[in-house]
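In the two complexes below, chain A is the common chain; its partner is chain B in one and chain C in the other.
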Partner chain A sequence: MKKRTIFGNIYIILAFIFLYMPIAVLILFSFNSSNSTSNFEGFSFKWYGELFSDAATLDALKNTLLLAILSSLIATVIGTMAAYGIHKMRNKHLKSSIMSVTKIPMINPEIVVGISMMLLFVFVGGILGSKSYLGFGTVLIAHVTFNLPYVILSVLPKFKQMDKSLPEAAQDLGCTPLQSFFKVELPAILPGVVSGLIMAFTLSLDDFVISYFTIGSGFETLPIRIYSMTKKRVTPDMYALSTLIFVSILVLLLLSNLTSDKSREKMSKKAKKITKIVVGTAFGVIGIITVIVLIVSAGTKTLTLNVYNWGEYISDGGEGTLDVNRAFEEYYEEKYFLETGERVNVSVNYTTYASNEDLYAKLKSGATGYDIIIPSDYMIQRLKSENLLQKLDLNKIPNYANIKEQFRNPFYDNGEEKYTAMYTYGVIGIIYNSKKLHPDDLAKIEAGEAGWELLWDEKYKGQILQFNNPRDAFGTAMYALGIDVNNATEEDWKKAQEYLKEQKPLVQSYVMDEIFNKMEGGEATLAAYYAGDCLCMIGNNEDLGFYYPRKNGEVVTNIFADAMCIPSSAENVDLAHEYINFMLSEEAAVANAEYIYYASPNKAVIENEGYQINMGKYEIEYKLDENGEEVPKLDEDDCYIPVLDENGEMIIDEEGDYFVIYDDVLEDNLEDMFNTYAYRDLEDESRATLNQKWEELKVDSQSFGGGIYIFCAVILVALIAFGVYCYIIKRKRRRLYWNTQK
Partner chain B sequence: MNEKKIIELKNVAKSYDGEVILDHINLDVHEKEFMTLLGPSGCGKTTTLRIIAGFVTPDTGDVVFEGVKINDIPAYKRHVNTVFQKYALFPHLNVYENIAFALRLNKISEEEIYNRVEEMLAMVNLKGFEKRDVNLLSGGQQQRVAIARALINKPKVLLLDEPLGALDLKLRKDMQNELKNIQRKTGITFIYVTHDQEEALSMSDTVVVMADGKIQQIGTPTDIYNEPENAFVADFIGESNIIDGVMLDDYKAKFSGHIFECLDKGFEKNERVDVVVRPEDVDVVPPEKGMLTGVVTSVTFKGVHYEIIVNINNFKWMIQSTDYVEPNQKIGIYIEPDAIHIMKRSEYSGQFGDYSSFSDELDRLSDISEEEE
Partner chain C sequence: MQRAAAAPHVVWAVLFIIAPLLFVVYYAFTDKNGSFTFSNIGAIFQASYLEVFLRSLCFAFLATVICLIIAYPIAYFMAKAKPKTQKVLIMLVMLPQWLNFLIRTYSWMALLEDTGIINSVLMGIFGLEIPPLHMINTSGAVILGMVYNYLPYMIIPLHSVISKIDPKLLEAAADLGCSPLRVLTKVVFPLSMSDIVSGVTMVFVPSISTFYISQKLGGGNFDLIGDTIERQFQTAYDYNLGAAMSFVLMLIILVSMAIMNRYAGEDDGGVVV
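Moving on, here comes the complex of A and B:
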């Protein structure tokens, strides 16, 4: 063997570090006993357990597998036939042009494929007069389509490698052409077919972009589910899932290598036999799973409710919580039986999105069939103005009475007829690290005098985090400057931008989810963020604190609400009403409020004692755990145990989370705050201004500035120059050579 | 040949994209015959074979098998089997299954399959190889499997498309003998395609020399060698000096400025002819005793003999002699009358038989390129 140089070794080590460090970290943290992403606090299988109790994720996993198996099988059959056809083609020009055409979908950006597919399906669906254009069928067709070229390109070389006389030999010995294909040609190209199948399977498994555009309501694949979780945090059970997927793909890859010709030749007979058994079992298991899934999904006739919500925005049964969707299914099946005496199978199809804009795009794209959506305030305004929502029949929602009066007439829904039922609301506040804050500022916060100006304080240069989205970032500046966020003029936008530019040198980075690590890890001192999330961070780091920024003694900050609505294209309107009613019931609403940690507009929740205890309204008992750390004591139902005073009364904990979320000052002014400070849907013109100003701010903020462009340009010019140089040399040589020929 | 005709090609022509591959050929193949189609690459010999096998349909003309026209019968229904150039063994099957392939298609009992496969394995000396992976066999062994596979259906005719082309020389010789033995034992008609003239001469009952899509000559190996019909055949079969000459009278030919006695007759007086003299039939003599004289330009040692190139009247002759001569030496040559063969002039006259540009290297290069075909 050739001796490797030191540099060679270093190169290999570096390459492997770059390739596999991220995955190694992912795998490590999937075994972390806490949900911190910065420190590893102990080995545990907790998140794997979580994963397998999360019905929605498992459902998405099932969908993904089903889609991957079906699409890769179909693509393999069609692709093999296509490769056979191309192989048999006599006309070389036609052959090469078909090959080029085959490669286009591979080179074409996925987003183009996705959008064009969606457009086609909506167009054809419109012609056929179908109401819901997108669904499992469309995403399957899309996956088969983008898998095809990979199968063709994997099978075709095997055809080329195959001895051309093989089919002739078979026919010579008495095979009909069809027999010859199955008895001789197919076995010869089988390695190509199998590797094409595996390739198609893995591609389909992790495809996001194309699925995203072509998927319909009530069907969610794993990548889409994981992506939609980014609104909140990607939970560690996703690390567990990613680890499992990585391991399965690794196994598949090893199997496909084992089946390749080269490794086969080297193997002993025994190894061959074992490989055969392993590969056989693997495919067998996959096949059996498919069959079972197919039978199960075909066998159950169900009443389906398609719910489209933010990721991580419902109590899903993880960590001992209530699985609200399952509870609804059981509740309604029971109710239906009591009312009609008939059995019905209810199935909540729960899918998720990452932003209001995603939801909007989905609804506009013609993906109809959603029965329940939970958009935010300004988006509700937009959807309503475009007639994409239908009004609620409050007679069917008796639990609507649970919603506090002050939340029944928000600006986006203040007419006689109601279109929405508020789900949660939240306020943006400022989270700080008390250890790093100047005592004077700390005192100001304690006194309730601190405002937005701390985020512009030179003292905290490099310690401040700012929102990485235009509306919220500009919001901070506008609240600080006292500009009306909903009626800003061009001049106002400019002022806000100036102010943000002023802040920029102080800003450590513009973040969304990364704030969790940065604040919990003590990397940053100050940041504005959503109150519910801030409480999560405080729970993980005792040094952190939180306050609502004030201006002239009054809290001036953004408040936002998410509300349940029924789209006008909903197909199951009655069941949707039942669902909203159930979600407003005490049982479901408490479970959700405890899980989401945002404020609840629901009286039944706020007055629920268990909720109050769990949210920290009262002092609770603590104990020491095995590491000698203080942890809350739990009763047999996993609930906190309140401390009782001598009268047997619970002691109110003024510092508790409960009073952060339901701050007295806020509570009194909520209705006004909504009308003044909530973001409303912007006019197109303002939206454009905002985005443009944001871009200016951000582009300017790239520290490498023009350097990177110059760098790219230099490389490009060098490449072109090299190409020209090669061409000239070649021509020179050729000219000499031609001269000698003459 | 007393045997019955088994295959007849009648006026068969084939062209691809306007390029003529076969130019109206007629050919009869008899039962139990070992026939060889011999010619350079591109002469149409393989196409002829493929037409018989049924992989190629002729543009015009008939293929007749045992008196029945079989133009439209597909390959898989013909009682003809083929041994392919690169064997075309089925890589996913072992030796036993490869040989049993044809039988398995016909619902034959496993026991009979076993007996017949064993019989075939015995015939090709591969007993004990049943479970071997065909990809791991040597070229010669693969060749035997291919032959056994083709013969198991007891075809009337076996077609062999340059089956020994990929084997090395020693193995090729052994396989030639074995093939000949198998053919004798089984009594099956063999149609054998090769561009190796030595192979053709040593194995065949009948040799068909082809060039440019036409049959140049059909005959026994000795006929073909001793009585070539034109310059192409003379050149292609063995080495020959082909000189322009004039037939002065019966038994009297003039070439290279000298009048020679010969054994040929029946030409017109003063008819221009091609004269063939095989290199081994030329005797080297001292210049004063020679019929012709010339200067040696090169001498190459070939083992059994020296290959001497002599310039005689600006025509380079090849002479094979066991006596050594010096380059640049002046020598005389002597030719017996029976060593001279007179041919009618043909389209190939003047193209062959001059060794002025001869070199071993070129010869070898052209061999390689043919094998790659």
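Moving on, here comes the complex of A and C:
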């Protein structure tokens, strides 16, 4: 007997270790002194401090609480009424059919509930012709919907348990049905109502999937924010927040557990009443605060600007940098005050996407209401051709003059009227971990002979990362094969797909901004990615290097430009212009360029001395000429990208700094590069082909053995055999039983 | 009159439960221009999508079986503890669920990576020479993610039914000469069958439709139904195909639940014997 309890205890302890292992990791790394979530480098509280200055996260927390409170209250009211009505129903068929419909959101997979509501909203929104129909309202409806069944199912049993004669007695004594409900029935079912409310509140607090499909612009809940963070990197301040939540819930649960057992029995009626009052007031206060917050936020004049940008693509105030969005808020609030003498509250609502295709799908789904988006060249072409962008009023953007002449007429926006203001441009290169790369390949890179083929090298099986978006992933294969990325035939797409399928067994994972963690942490050896981000990673890990893939000695890779645009459905057009103007100003543009490491088309940046020093250009700017005199090497029309040595490798000094200068590879060819290697918007047919081929590639799995199917089949057969065996035994016994009866 | 109190809920349910499902069906059977077609459903029966469905079924099935195997003893041993301990244990089982599942899954990544925490610990114990245990981006990691996230949903119903079994029944079985193992298989197991089914449903349904776990722990190499549906809506912008997939997913779940309920129903009879 004793042995068994010991075994049981050990088993339970092991189970709890399993359950709590990731949570321990999370708590541990919330005290990490570096921003890594996989290497512990020292103890510090700094992320707890960061948390309270991370306005976006705190905003998301506020939104999440607001949504949870409102949706659980609404669901509780509707649900309690429904339970009352259902309880009083006499028609059994009606009752059971209502109950089965009610349970649908519980039984259906979350993703189906989410997309079904999204389809409804998109369809109805389309009919109404509304510009933006996904938003706070739609998420609220969705949350109430999945909360309702839980409320009803926790209230209904209380009605059933209640003595039926009680309300009858009350009514005999002269109560109206309404009075009897509030005087007699409500107190009896209150525990059910409260537990339903709490359950709805927690479900809504934690929901990700359903919000993900029904949320619009400008409203971000905490789970959604975490999701977009896990697409690039989760900063430890999110871990800090989770730790705080975890600890406070632990304390709450422990307290309620400790008090509930003994003291509740001993509690006098008076004490019980007091507890009830306390709980009641607590909820009341929460409700009142919510209402006040709503009224206050409606009362003061607030201008909200919804900015939708790539992940890790703006200076966000981390580690002593300028928080560009906050700076804009302050700048505009002051400007508005100086101009009008009135106070205004500006709030930049900043959310991120991982790829152009995500942005497009989001815009098309009706989650509009974005005021600023920053898509890439080919996507701009497409958005423009579908009339999803609006013209910029250059009079409102005096800083447009900061953009260098050569970047004012890019191929995607070369008409008289301007739709875009270029934010950055860059190329796709290959980032590698020099510690893990074979010396031969390293030598090849140093000799400037390495091309795309390293990404297809068997040696690096399981060490290669590939883009997780169709255009860039197919781009790598097409550049490698020498296929024109913009005029591919069906045959060409097929070839590229074959090549990618060949690569699939070697690929560790398909990533977008997750690459930061994976490369910096040494998880992967090789990946193609955007140059600016590569530099950023190199800044964090000195083992990493970067090269431009070449074919026959010539750099063959994608060059891209990202530009700020205003969608035609924008609500704050004037403020959006102000924002673009601010982003082009020296202050903001320099901060961004230094933070994201992409090449800037902005004169104010390139001429900024601090930027030149920071980017290492300073040393190289002045060169000695034949006469031994210092002459500036660069003239006004230069562009700046990483310095390459004669072998095409980036120059990095001992401190891990790298130099950004005028690059001769790209200098002469910038125009040509854009013409040859930039992606253009594809014809509908090609795009469909690309999407289909990408789908086929993604769902195809060669790396996946059949073993697991066989395993599954064996278990299934065993279960069925067991079932049949039980059935036979049962029949045998039953026969035996009947025989003995006879 | 009093029945009218249910009216708001009924209206709500028609608008936001039934209507959305009708839209799923509508989109599943129409093309981009809104005309009727079977091509979306047909597309699913291509070899590649069939494999996705098969893989999801397989992974979800394995995750459910593993959950059951792990959870049953936990629930059993928990039910044997003192009532007060039981309360604390239940609380501890549910506590991780209060943290966002995205962040819990994300921190599994830090554990499982080749340069991750488990491998660092192993290296610390066995020296630097051993090659790292390759765990992340495998099918095992995806199944582990499912098991981890949905295990509590299996433990709780099992525990509640096992703890309600009358101890007299167990004593009677023991008195009649049953070994402890036979008590377990002949009494406890059959009595908890109905809640095994509810636990299985609560693990199987989210496992088969998950779309985040496989992306993070499987590195995008093991596309599951959820991932494919998500991609249609969030990236590829093909609502019709996505709706068709959701429709088929709903059918799969309905069918498997029907099978499970039937299976459980038959075994309920076994208790009598």
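Quick notes on this one:
One rule holds in what follows: the second predicted complex is superposed on the first by the 440 of 742 C-alpha atoms of A that agree within 3 Å, B and C clash if a C-alpha of one lies under 4 Å from a C-alpha of the other, contacts with A are read in each partner's own complex, and residues count from 1 in each chain.
Operating definition for what follows: a contact is a pair of C-beta atoms (placed from the backbone, for glycine too) under 8 Å apart; a residue touches a chain by one contact, two chains touch by 3 or more.
Quick caveat: nothing in here was measured; it's all calculated off a predicted structure.
Contacts of A:L120 after superposition: chain C is touched, whereas chain B is not reached. By the touch criterion stated above, A:S355 is placed in contact with chain C alone, chain B being left untouched. By the touch criterion stated above, A:P187 is placed in contact with chain B alone, chain C being left untouched. In the superposed model, A:N691 makes contact with chain C only, not with chain B. Once the two complexes are overlaid on the shared chain, A:Y308 sits clear of chain B and of chain C alike.
Of the two partner chains placed by superposition, only chain B is touched by A:Q171; chain C is not. In the superposed model, A:S509 makes contact with chain C only, not with chain B. Among chain B and chain C, the chain that touches a larger number of residues in chain A is C. In the superposition on chain A, no contact is made by A:Y547 with either chain B or chain C.
Residues 1-10, 12-13, 16-21, 23-24, 26-27, 48-49, 51-52, 54-55, 58-59, 61-62, 65, 70, 73-74, 76-78, 80, 84, 87-89, 91-93, 95-111, 113-117, 134, 137, 139, 148, 151-152, 180, 201, 205-206, 208-209, 211-212, 216, 218-223, 226, 228-231, 233-239, 242-243, 246, 249-250, 253, 257, 263, 266-267, 269-270, 273 of chain C are the ones that touch chain A when the two sit in their complex. Every residue of chain B that touches chain A in the complex is listed here, in rising order: 53-55, 74-77, 80-82, 84-86, 88-93, 101-102, 105-106, 135-136, 149-150, 153.
Residues 4-5, 8-9, 11-12, 15-16, 18-23, 25-26, 29, 37-38, 78-79, 81-82, 84-86, 88-89, 98, 101-102, 104-105, 107-113, 115-120, 122-123, 141-142, 144-145, 148, 152, 177, 202, 206, 208-209, 213, 222-223, 226-227, 230, 234, 238-239, 242, 245-246, 249-250, 253-254, 257, 261, 355, 357-358, 360-362, 364-365, 462, 468-469, 504, 507-511, 521-523, 691, 694-696, 698-701, 703-704, 708-709, 711-712, 715-716, 723, 726-727, 730, 733-734, 737 of chain A are the ones touching chain C in the complex. Chain A makes touch with chain B in their complex at residues 163, 165-166, 168-176, 179, 183-184, 187-188, 190, 265.
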